[in-house]
Amino acid sequence: MTKIEKIIEDTGAFDCAECGKCTSLCPVAKIDPNFAPRLIVVKAQSGLGEEVKADKDIWSCVTCEICNNMCPYEVDFTGFIQRMRSEAVNMGNVPACSQAGAIHTMQRLTGKGQKQNRLLWLTDDLKVKDKGDVYFFTGCSYQLGVLFKDKAEELKRVPASVVKMLNAAGIEPVVSNDEVCCGHDLIWSGNEAVFEELMHKNIATIKATGAKTVVFSCAEGYRTFSVDYQDFLGDLDFEVKHISEYLLDLIKQGKLEFKDTNAKVTYHDSCRLGRHMGIYEQPREILKAMKVELVEMPSIKEKAIGCGVNAFVSCSEVSRKMQLDRLLEAKGTNTSAMLTFCPKCLIHYNCMLRMEKKPPELEKAEIKLRDFSNFIAENLKGSP
Amino acid sequence: MTEWDPKIVAFCCNWCSYAGADLAGVSRMQYPPNARVIRIMCTGRLEPEFILRAFELGADGVLVAGCHIGDCHYVSGNEKAEAKIAMAAELLDVLGIDKRRLRLEWISASEGRKFADTMKDFVDKLRELGPSPLKGVTQ
Amino acid sequence: MSDFEPKIVVFLCNWCSYAGADLAGVSRYQYPTNIRAVRVMCSTRISAHIVLELFKEGADGVMVSGCHIGDCHYINGNLFTKRRVKLADDLLKLTGVEPERLRLEWVSAAEGEKYSQVITSFVKKVKELGPSPVLKDPKLVTRLGAAVMAAKYFRSKTLTCKEVKLTAKGNVYEEVIGPKEYDLMIERAIEDEYQKSLILTLSSQEARSVIELAKEIGQPTDRILEYVVALRAKNMLALDRIEGTTPRYRATIGGA
Amino acid sequence: MSDEEKRIGVFICHCGSNIAGFIDVPAVTEYVKTLPDVVFATRNLYTCADDGLTSIKESIKEHKLNRVVVAACTPRTHAPLFQGTCQEAGLNKYLFTFVNIRDQCSWVHMKEKEKATEKAKDLLRMGVARARLLQAQDEVKVGVTSAAVVIGGGVAGMSAALSIADQGFPVRLVEKESELGGFVRNLSSVYQEREDAGALLKTIIDRVRSNPNIEVLLNSEVISADGFVGNYDIIIDTKGQERNDKVGVIVLATGTREYIPKGLYGYGQSPNIVTLTEFEKLVKERKLPKLSSVAFIQCVGSRGQDKSYCSRICCNVSLKNAMNLAENYKNMRGLEGTGAVVEAAAPKETPSEGGERRHGRRGRRGGAEESEEGGASEGPKLEIVIFNRDIMAYGVDHELMYNKAREKKVRLVRYTPKNIPKVSVDSGKLVIDYWHDTLQMQRRMTPDLIVLATPVTSQADAKEISMMLKVPLGQDGFFLEAHVKLRPVDFATDGIYVCGTCKGPADIPEAVSQGIAAASRASIPLARGFVQPEALSAFVDSEVCSGCGNCIEVCPFTAIRKNEHGKAEVTIAACKGCGNCGATCPENAIFMNNYSDEQLLAEAKAALQEAKG
Amino acid sequence: MEKAESSVLVIGGGVAGIQASLDLADKGVIVQLVEKEPSIGGKMAQLDKTFPTNDCSICILAPKMADCYGHPNINVWTMSEVIGLEGSKGNFKAKVLKKARYVDENKCTGCGECLEKCPTKGLPNAWEQNLTTRRAIYMAFMQAVPRVAIIDPEHCRFLLEGKCGVCKKVCKREAIDYDMKDVEMEFNVAAVVVATGFDVWDPTRSTEYGYGKYPNVFTAMEYERIINAAGPTHGHIQRRSDGQEPVTMAYIQCVGSRNPRTGHPYCCSVCCMHSTKESMLAREHIEGIKSTIFYKDMRACAKGFNEYVERNKRDYGVEYINSDATVQGQTEKGNPIVSFDVAGKSHQKEFDMVVLAATLVPSKGNVELAKKLGVELDEFHFFKMQNRTLDPINSSRPGVYLAGYCAGPMDIPESVAMGSAAAAKAMEALVQRKVFA
C-alpha cells in the first residue's frame, strides 16, 4: 500500500460518492470556483494522487471542516488535506507562509531543549502549582501577543486570565515552563517530524506533573491534543478539556460569580473549537451565566464563516473575502465586541481591521475583537 | 566542541552599515572573524523570521546594523526595524534565548571603526554568554 | 335579461366530479343556483343523445363533468366521454343551437374551488346567451329530434368508440388514421347521419318531395336526392305517392 | 313491477340548520307532497339520527311505501346508512334514492335562500322522478370454484401458491420448465444477505413440495382459459397431454428473461465480455477466470438505449458481485475449500448514529497495522470499476451495500448517455476508453473481464398469454396492472392477478411480497365462496343486439363476450356498471341497471319543468 | 366481543393498513383498525397527485377510505393506540386505548357549524403543515373519514377553564361531549398487522438547507399542500416571504437521507419521483416556470419512472443537475441561494423558491409500539423482517405481520401490495388456528 493509498484508506476518501455536497458548502469554492474539495478527493481516488500533491489547491483549503462536518459519508477531508500536505512538502510543493514563516520558526524553537521563559506573565497574585490534577496548557498565546503586538497584544494576558478564573473558583492549576508549542501550525504546514517531537515533549511534561485533566483556552491547542495527538498516540492518559467546558461546570457548581455588566457582545465560533471539536453551546451558556447579552451573527455554529487562514499558510484574496464577510456580520450585530477563543481568529480579523487601506464597508465599523478568556476574567466578581 | 567560538549572523543595510563594514576593511581595522555578514537593502526589510531562523540554524548571536535614525535611505525603514527588533528581542526572551544575543546598532558608512568595535564587543559578550542554548540539543 | 335564470343540467361522475362538488359545499364555495346535478357512475355513461334530448326539452345549458384524463375510476371511460360530448357538440352546431350551451369539464375530487368556478363561469355564459330558443321554435325541435336520432345511429356510435383503435392501432387494413383525419371523418359521417335523420323526421310528419326537403333543410337538391336514394335502399323511406311528376316520400320508421 | 302502484315516501333533513338555515324546508316538504306518487313526505331535524331512521322504517310500514327518497347531505357518506334502514324495513335497497341538498345546495347558496329553496324543490322533483322508475334489484350471487391456478413457478409464483394454499385452497402451480425456481436458478447468490441462491431456492421449493394443497405441474403450460371470476375453465398442457380443469382465480407469475446486448459494448467479440447473468453463472459454476481488473457497465440496453425503462435490480446485482469480488474473490474462484461459494460474507456494517463522530477517519496513523484488512497482504488488489449513470440503491439494504462497496474500494464512475464508455478488443485484450465527468478528462482502463448489466425483459410468450387471458401488456412489454398505485397486483379483469417480474423488474423480496399480495387478492373470491357485485351491471337485450362487438371493445373489465349465438353477453360478476357499453351500443340494446337512459332522462328532464307552488 | 378466530388487528389507517383491512374484511374477517389520528387516510391523503400518472391522490384514495369505514366487517378506531398485546399467534389479546375526541362519532354529521363558531382561533393546522390555522374544535381535513369534528383538549377553553361551551350550544345534534373519557378496549384477535407508516423528517436539523431560516425554503410535504386545490393557498404556488408566484424553483434531493450522519443512511426510495412530479405540476400551475432538480442519483427505477423523468426533461423543460446542493444564504428579495458542484466547479444560483425532499423516517411511535407488541426494530427503527428474502412480511414475533413504510422505504404500490400480503399472512394464521384448534 502506497502512502497515498494509506491516506485514502485512513481518511475514508474512498467513501466519497461524488455527490458534491462538500463543494456546495465550501467557503473557498464560493470565492474561487476552480477549487472543489470533491475534485481533490476524486483525483486521489482515481490514481491521480501525484497531481494532488503537486497542486496549489492543497494549500488553498482553509481546513475549516465545513465539508467534514456535512459530508454524508464522513469523508475526513481536512484529515486528508493535512496528511497530503506533508506529502506535498516532501516533493517540494511548499506553502507561502505568512510573516515569512516566523510563527512556524518560533514554534519549532520552543522545542529545542533550552530553558524557556514561558511564564513571564505569571504574577505573584496568581496561584499555580508544579504538580496537581489540573494542568493548564498555556500554549503560545503569550508569544503570539508578542509577535503580533500591533494586532493582538491582549493575547499576552490570556494565560493570566485563565489562571485568575481558575483561582477564583478555588483551583490552583499546574503550569509548566517546560511546555512546548502544541505543533498545530507545523502539522498543518506539512512538518510532521517536528510536530511529533513537540508532541512527545508535551506528553512527557504533562505526565511528569501527574495531571488528570488538561485545560486549554486556545482552540487550536485543544483540537491538536484531542484529535492529532490521539491520532498518533491513541488514547491519552489524561482528559482534555476546553476551558469553556471546564468553566461551565464550575459555574454550574456555583463556584464562579460575575460582576454586573451591561455588555452586549457577539460570539465567533472558530473552526477549531466549533466544527473541529463540536463546542458550540458552552461559550454561549457562559455568556448567559454572566448575564451578558449575546447577539448572534447570521452564520453561526456549524455554519460560521471562518477567518480564511489556517496555520498561517493560506493568506490570500479568499481569506480577505471571508474575513470581510465575517466582520460585516459582526458589524451588523451592533455589539461592542466579537468574542472568540481562537488566538488566530483574533489576529486575522484584527489584521483586516487594522489595514491601512481597509475595505470601505468597514470604515465606520466599531467592532472590536476580544479574547473570550480575557473577557471572562475581566468580568469576574471583584476584578478591577 | 572543545573549541567553541561564537557564530554571528550580521544583517547590514546596504547604504550605511554595509558601507561601514567595507570601510573597516579598507581601513584594515581588525575584528574577530565570527560574523557572517548578510547584506540587505534596508533594515526595514528585516523580518523577525530572519533572526529566528539564524538562531535555529545555529547562530550564537545576531547583529542588525543600519543607518542612524534620520539617515535612512528609505526615509523610515530603520524606525520600523527598531520596532521589529524590540519585538524579536522580547520573543527571544520568552523562548529562553538571552536577548543580549540580538543586537541592533546604527552604523553609518563612515563608521568603520564603530563596526569593528561593535563586532569585538559582541563577540566578547557572546563568549561570556556561552553557546546558544539551542545548540547542545539539536545535534 | 337580468332576471333570466337559466336551467342547466350537470352530469357528474360519482368518483371525481361529484366528490369535487361535495367538496365545494364542504368548503362553502358559493356558486349560482341554476344548476341541477345528476349523478352517474362514470361520465362515459352520457351518450350524445341524452344531452341532445335535454336541449330538445328546452335546457338552457348542459354540462358533463368527469375525472381528469388518466384519473378515471373505470380506467379510460372519460376518453370516450370526450368523444361523445364532441359528437353532441357537432350535432348541436348542425341544428343551429349555440354550441356554447354544452360544456365538458374535468373536475377532480380535490377541486371544490374549481367546481364552483366552472359552474359560475358556465352560468354566466348561458345568461349571456339568453334563454334557450328551442321551445319557441318548432323547427329547432324538429332539428334536435333529428340530432337525437342521428346520435343514436350505428355509425355515429361506432365511430365514437373507435378512436383509440383507429388512431393508434389502425383499421382492418392496418392503416393508422391521424387524429385530425379522424375528427374530419367523424364530422362528415355525423353530418350525413344528421341530414338523413332530418329527412326522415320531416317525412314522417307528411309525405315530402325532394325539393321541399331541400328547401326545408337548406341543402342542394342533388345532395338531398342522394340521401333519399340511400334511405330508400335501406327501406327507411318509401314512395308515398306521385303528385304530378313529383314523387313524395314518407318515412317507414318513425322520426323523433 | 311497473304496473304496481308507486308509493313514494320522502324524508327531508334539516341537518340542524345546515340545510334548514338556507332552505325553506317546510315549503319544500309541502311542495313534495304535490308530486305524483308521493304518498308521504316529512322532515327531520336529523334524518340520520335514530329518530330519523325510525321514522323511515315506521313510515315504510305505515304508508306501505315502496320507494324512499331522502334529501340530505350527500350520498357519498350517507347512502349506505339509509339503504340499510330500508332493507331493515323490508324494502329493497335499490328502491332508495338520495337527493343532495346540503353539500351541493344549501352550503353553496348560503346567501340566496329563495333561489336555493327553488333549487331544492327541483332537486326533489328530479329525485322523485327517478324514484318512480326505480326497480328492485337482486344482487346476483355467483358461485366460485374453490381452486386457483398459478402460472409460473419462480419465487413470485411459488410465494403466491404457498400463501393461497396456506389460506386453505387447492392450487395448481404450472411451470413450463422442468424444475421450479425461475430466473433465480441463474443466480449464484442473493444480494440482500449475499447468501447462496441455491439454498434459498431449495428452502422455498421444499415448502412448496411439502404443501398438501399445492399440485406442481412441471413442463406444463396453460393453453386456454375461458370464463370469468370464480369460474374459469382452463386447459393445462403437460408435454402434449391436455388436462381440463376448473379454477376460480388465476395468478400470473410468468417471470422474466435477460436482455441480450447484441452489438453493444463489444458483446460477442470476446469471451471475457459477459452479461450480468452470465457472470452469475460463471460464479455459480466456479468458472471465473483469474482476474486483476473487472469492469461493470450499467444500463446496457436500458434507460433509452433500447428499452426505455430502468431495470431496477441490475445496479444492486452489480454492487453485490463487485463486493463479492472485493471481499471474497478467492472463494468465488473456488481455489480454496469446497464450501459454499460465498462463505465469508462480511458482517453487516452498523452505521454510526447521528453526528457523534466528527472525524470520519477510519484508521489512525499510529495504529496502521491493526486497522488494515488482511486483504492487503494477499498480493495485488483486484481493481473493480462500475460504470454507471445513477446507482439505483433504493431503500435501506441497497444503499448500505452501496456505501460498503465504496469502502471496499469499488470505484464508481458515472457516465452520461452523451458519453458512453467505449469498449474495444485489441488482440484479445479488453480496453475501455471513458470520459470521467467529474475530472473532465478522457481515461482508459484495461480490464480482464467486462460485465454488462442488461435489463430484464418480458417473456417471449407474454403476448400470447395476454391474448389468451385478455389482460393488457404495457408499452414496455410487461403485464399492466389495473392501477399503478392502488391495485398493483390486480388486473382490471376480476379474477386474474399478477405478481413478480412479469409485471416489471423486481428483486426477490419484492417478488415474494407481490406473490403473497396476489395470493391475498386471489383468495378473496375463494374465501367468500361467491361473487356478488352491486346490481349496477349492464344487460344486453339479445333480441336487439346485432353482435357488432363495440361494447366488447370499450369494456375495460372484459366483462362482455360474444355468446354462442354471436350476441353480446355481460358477465354480471365482472361488470362494474360504468355504462361505457350502454352509451356505445348502436342498437340501444344495452340497458344499465339503476342508471338506464329512461331513469337518467326522467331525472334530468324533471329539472327542466318549472316548479309549481 | 368478537372471537379471536375471526378477527385481526390492523395498526395504522394509511393506505397499507386500509388495503390490509379491506382484503381481510372482504374474506369475512372482522378487522379492528386502529388509527392514532382523528381520520384514516395516512400520508397519502395529504399528497396532491401521485407519480407517475399524476393521479389525484385523494380522488383515488377517498373511495377506499369510505369503503373501509363503511365496511360491515371493519371497525375503525380513530384516535386510538395499541397499548398491549398478550398471547400468541392465533390467540392474541390486544389492548387499545381510544382517546377522547369529545365529539360523539355516531352523532356528528360533519356539518362544521361548531368549527365556525369556536372562539379559539389561530392554532397551527398540522395536517396542512402549519401553513394555515384551525380552531380548538376542528375537522382533521376536508375529506376526513370519519367526517367527525374533534376537540383539541390542549386549547379548548371549556376543557381548560370550564368556560365557553360554544360548540355544544351550536351543535343541534348534541354530539359534543366534554365529559368524554379515554376508553380502554380489549380485542381477541388471531393476528396483527402493523402498518404505522412514516414521519417526515424535520430539516431544521440540517442547517445546510436553511429551512426555517429562509422563508422561501419549503419541505416537499408543505409544497404538496400548497399545490393542492383544497390546500391552504387553494393550489396557488406562493412564496412564504411575499406571497409572490415563483418563476424559478429548485428541488433538492436527499435532504436528511442517504446521510449516515443524520442517522438515515438509507434512501427513502420515493423522493426522486415526488420531486419530478412536483416540478411537473409546478409547470402545470404556472406557465413558464423554470424548475431545477438537484440530485445525487436519479432513482427512477420502477415501472414507468424513467420514462416519467425523461418526459419531465423533454416536455416540461425541467433541468436535472447531478449534484448534492445546499442553500447558502438568500438575497435581499428573499431568494434562496443554492450552491452546487458541477464537474468539480462550484456554482451559486438564486431561485425564487426551494423545495426540500426531506426524507421519510419510521414513525416516532415505533419504539414504544414495538415494545408493546414485543417485536424487534432494526437499527433505524423500521420494524424488523424475520427474513428479508424469504419472509419479508413476518415480523420477529409470530402472528404479527408488517405492511408499508414501517418495514422499510417503499412507495404507494409497494405499500398496497404489502398491505395485501400482510392480510394474506394474517389469513393464513386464522386458517391455521381453525385447523389446529
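First chain written, first letter: the chains are A, B, C, D and E, and each begins at residue 1.
Note that a contact is a pair of C-beta atoms (placed from the backbone, for glycine too) under 8 Å apart; a residue touches a chain by one contact, two chains touch by 3 or more.
Small disclaimer: the values here were computed from a predicted structure and weren't measured.
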Separation of chain D from chain A in steps, with touching chains one step apart: 1
Central chain (distance from its CA mean to the mean of all protein CA atoms): E
Far-end chain from chain A, centres as C-alpha averages: C
Between A-E and C-E, the pair with more C-beta contacts: A-E
Centre-of-Cα separation between chain E and chain B, whole angstrom: 79
Chain centre separation (chain A, chain C; CA means) in Å: 82
Separation of mean Cα positions, chain C and chain B [Å, integer]: 111
Whole-Å gap separating chain B and chain D, where each centre is the average of the chain's CA atoms: 90
Per-residue overlap in chain C, given as positions that touch at least 2 other chains: 19, 26, 73
Where chain D touches two or more other chains at once, by residue number: 76, 102, 352, 403, 414, 438-439, 483
Interface hub residues of chain A, defined as touching at least two other chains: 17, 38-39, 42, 71, 73-74
Full enumeration of touching chain pairs: A-B, A-D, A-E, C-D, C-E, D-E
Parts of chain E lying in touch with chain A, wherever the complex brings them together: 207-208, 254, 258-261, 265, 296, 322-326, 328, 338-342, 344-348
Touch list for chain C against partner chain E, complex: 15-16, 19, 23, 26-27, 67-68, 70-71, 73, 108-114
Interfacial residue positions of chain A with respect to chain E in the complex: 17, 19-26, 29-30, 33-36, 38-39, 42, 70-74, 301-303
Chain C-touching residues of chain E, taken from the complex the two chains share: 48, 53-60, 62-63, 110, 112, 142-143, 228-230, 234-235
Of chain A, residues touching chain D in the complex: 1, 6, 9-12, 14-18, 38-39, 42-43, 45-46, 48, 68-69, 71, 73-76, 79, 83, 227, 230-234, 275-278
